């Protein structure tokens, strides 16, 4: 195979990150996230939050980050609202339920849910005469970008936040691929907006060029207390926490995090444009680093000898929707090669 | 108010049950379900299971019975399939999720799910290349009758059981109102069928004339071991367990359980017939003890001064669907009175 | 057997309670604890709390009440301090752990723990440099009377409350046999003291003459919110909640609850005095309704043909400690008969 | 500070591991542990198990590994037996309890528990007439080496395994520092013994020179099924799983894992010998990489300006027990320097 566009974690890590780890290897430091490098990384992130007094923690993985933040925020009888396609609802093997909480899924065509949907759901709950027999909506979970690469606008998030406030529900935003949302054309949601509009959000490392790791930014003061206990209990506290610190230090110095997002998104959009130019449609309109072309099965059979991609769904007897994913590591030449292998319709 | 048709637990208990409790009051007996009366009740139930070698336990309530049986049957990464309208999915405040398990809900118009739906869901799970990122379907939950009073036929249960076997999923049937399903016209599912076709099922007492209590019948030998530990841990073991024993003894002697079902269903069907005769439609076609007429709001306002019922849903600006529920305690004269208060259209 | 002193739930219920249930049988009422009888029972209990503005809920059983109150009060990373012999630590099949929380047990000779012990434990936790790797003490659980029948004095409870306040830990008191503590000679802790000194406490019905049921009194306003959701989720909400209401109405009218305690304690203390008079020692010094004589095995063999009791522990080759338990139902003649069967040493 | 002996994860990773990661950086590979490097690492470990047909999984951290393996192995009403000082009992913030299970701790002077203790505990459980009111012992957890650096002999493990078989309890051995146990003088427990005697055991990477990571070896066939679901649900599945594969490949090639253990243990024992030679006692007799000298507080004040160590406990007004920890990274010169700073008594 010449190149695998299967996902954005097929390679290891951006070389600047690896270099930093190698360089720091023999430095003795504190453990469990109390080291100098994690402290510095926290400062670098805080400096980009527009003045928010947030707490920043580093956890190993995304599933952990989601379940830890959610379980820490809600009461036993509360659940978390999310899109039907939300990662916590579909691809975390019930990690949230394993902490005792129901995921309350709302229908979603494009991976997003709206303020109106959330409002209607919560209103119906409290209007029910038997409300206490029903799981109470206690939190809202979004992904930015979503599972299918779409992006919430600032206006959408402001509306959602308003509804969350109305029902005293924290708003948590899963940013596993957050950097890609910043690189979208006409992007209007950046770190200071997230710090202002969400109760907590994560800044994904794994899918943004790190070996692994997520930064969890807690903005709501009522959710900050004793958070390190939660992280330890859920298995998210790394003994050599400095490894997370060094990676986020590197990502948030000299604009690397944004640079990685720009590269991934630009290569993905080159694929999207190329596919459309060649006469094919896209299954979903993703402005980020995931592209969902609908291609003839016969062509896919040929393509698959040279390029990896993910099967998404069958469209009809002749055509499938598939997903191509780009990352910090995608060589532009491989995008060229991919497009050359797709003939004009 | 002359009579409240709100639900089937508005009165306390059938007098024969109360009499038995009063009579036994000063008998000293063992505790926690190891008493002579519970033993006898177990024998009486076993004798009606068509020869099945089941274990019978008595628990206090339905939510407890459901969560205890489900949590005892599946692995941490497994969930339980049920109809979207299933009681565990809608009206138990996430009790199943509180034990760590996702409820996997399937769409359902009439409260039932089909063997084909279950088969398709399980097949899709195992066909997924990332199956281990997704909650595994580990059990099937049905209610007989369902939340909207419909009843599975023997053929339907046989098909479901076949699919359960295909995927090694236990089949659990919640019989909170089980006796009513036996009293349905053309009923073809009785206790021996449930013992043969389900891994476990409950025989509801609370809604069938008992003060409280559910009998849990475990047919699958692999689910029997140490079950009393589960009951104790989930809070379902009554110190004075004889209270459950005495009640189920009474219900399963001299045909009382069936008699209660027949009475409740016949009174409900009188309401259904009377409503149709008067020119009104029914929202759902329930052959059991719940009736769902669609009536003009103006008429409901008048009715509500004399009779209780449950609001179900608005149909249009002029009409609502409502629910009338009957029980062992419903006096036929009150059904007469209710029907007299509904004018011909 | 002439009489079984095995425990205080060998008989069913005080006849006044049964009479009230029988009398109310056909009254139609609301369900799930929202009925008129539960409302009245709540008023009766509130009226005896010395002016406290507590919330009163009725749950079916003790294990449920304990796990529901504890799980509702603490954070995922917190545990509950209790005596090693505490019921939640020894005889609830890990119900508290099943809600995700560690039971933090402290050594105890007489079933009690002291303010100093609790203070030292909490102080050590917060002094530990790795505190977040350790379960945080988040609540204190006591029983009044304790598992071995001893009773906390007002001074002891005041000291414990002071320590709880110091570390912001709610204090929960399990009163499964609460009424017996009021009947103790020199008793100085009554309902108003419990309402003032505890964050929540239970008033046991099951072991105090009811068929079943515990009243849960929540004094701390921060623990009151949405509590009915907790009860429903943990399976403690009875459909025919009036059954709990009627029982507690009866217990808290005309002094029945106190009367039951006085009867049980006086009969037990007659046994204690009689045993000592006959030259035998007591294993524990319980002023309530449990008596722990140390008797020759040979004598026990004879006694056991006429009287039931619980084996407690072997003392030496010739003697065992055993437990005799009395209740509302214990006939004084049976105490006479028991004592007549124990010869002077 | 010249050198920090605080713990064995003060530095990052053995350089051979880092080199391998750097070299493989741009190789595209599968994710979530299904990559070629993890496959190879599994083969390398399997080849050292003496022919056992075990399953090998790689997880990120120790707490995760412990809670995932334990929660996967036992039923809701079962608990896990461990030494009072066991890591799961003391330093994992109740992670096991958060999965719903009680930790059943046994007293232990030297970090070990004996076959006799376990046998007595389990026997007492099953002898109890109220066993189902008590958490059932369902598994045994040991650490090799223990929290205080002691090591189980083969005879001890064989006896424990015999007791585990008697009560059908899986035996799980936490090998966070496993390699150090192999380097002990007169060591007689090696990988094939662990594969034969335990149901599952972990091979720690974090404290043995890796950046992070634990290999989990499951020997008991009944515990193998669907284990990857468990790992994913508990947050232990790394997207770039190859990072774990590469590290364990490196550790299990050319004897690196053993080499690291030998280095750490030999440096620690040099400290132990030196301390004794200088006239000081050791608090515990650890033959592995942790040394617990009892030193004058005044001397410790001086030492602490040049060397890091962990405070263990106060012995008397003048002396403290402290812990020095060595690792793959400890330079022998620093041990020399440390010893030079400790004057002869």
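To keep things simple, chains are lettered A, B, C and D as they appear, and every chain counts its residues starting from 1.
Rule of thumb we're sticking to: contacts are C-beta pairs under 8 Å (C-beta built on N, C-alpha and C of every residue); 3 or more make two chains touch, one makes a residue touch a chain.
Nothing here was measured: the structure is a model prediction, and the numbers come from that model.
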Touching both chain B and chain C: give me those chains, sorted by label.
A, D
Would you mind checking which chain's C-alpha centre is most distant from the centre of chain C?
A
If you tally C-beta contacts across C-D and across A-D, the winner is A-D
Cα centroid separation, chain A vs chain C, in Å, comes to 50
When the centre of a chain is set as the mean of its C-alpha atoms, what distance in Å lies between chain C and chain D?
42
Return the distance between the CA-based centres of chain A and chain D, expressed in whole Å.
34
Hey, what residues on chain C touch two or more of the other chains?
76-77, 92-94, 98-100, 132-133, 229, 232-233
Which chain C residues qualify as touching chain B in the complex?
1, 3-4, 7, 9-13, 15, 18, 21-22, 24-29, 31, 60-64, 67, 92-95, 98-99, 206-207, 211-212, 229, 232-240, 242-243, 308, 329
The answer for chain C against chain D in the complex is residues 76-77, 79, 90-94, 97-103, 130, 132-135
So in the complex, the part of chain B that touches chain D is made up of which residues?
32, 71-72, 75-77, 99-100, 132-133, 136, 226, 228-233
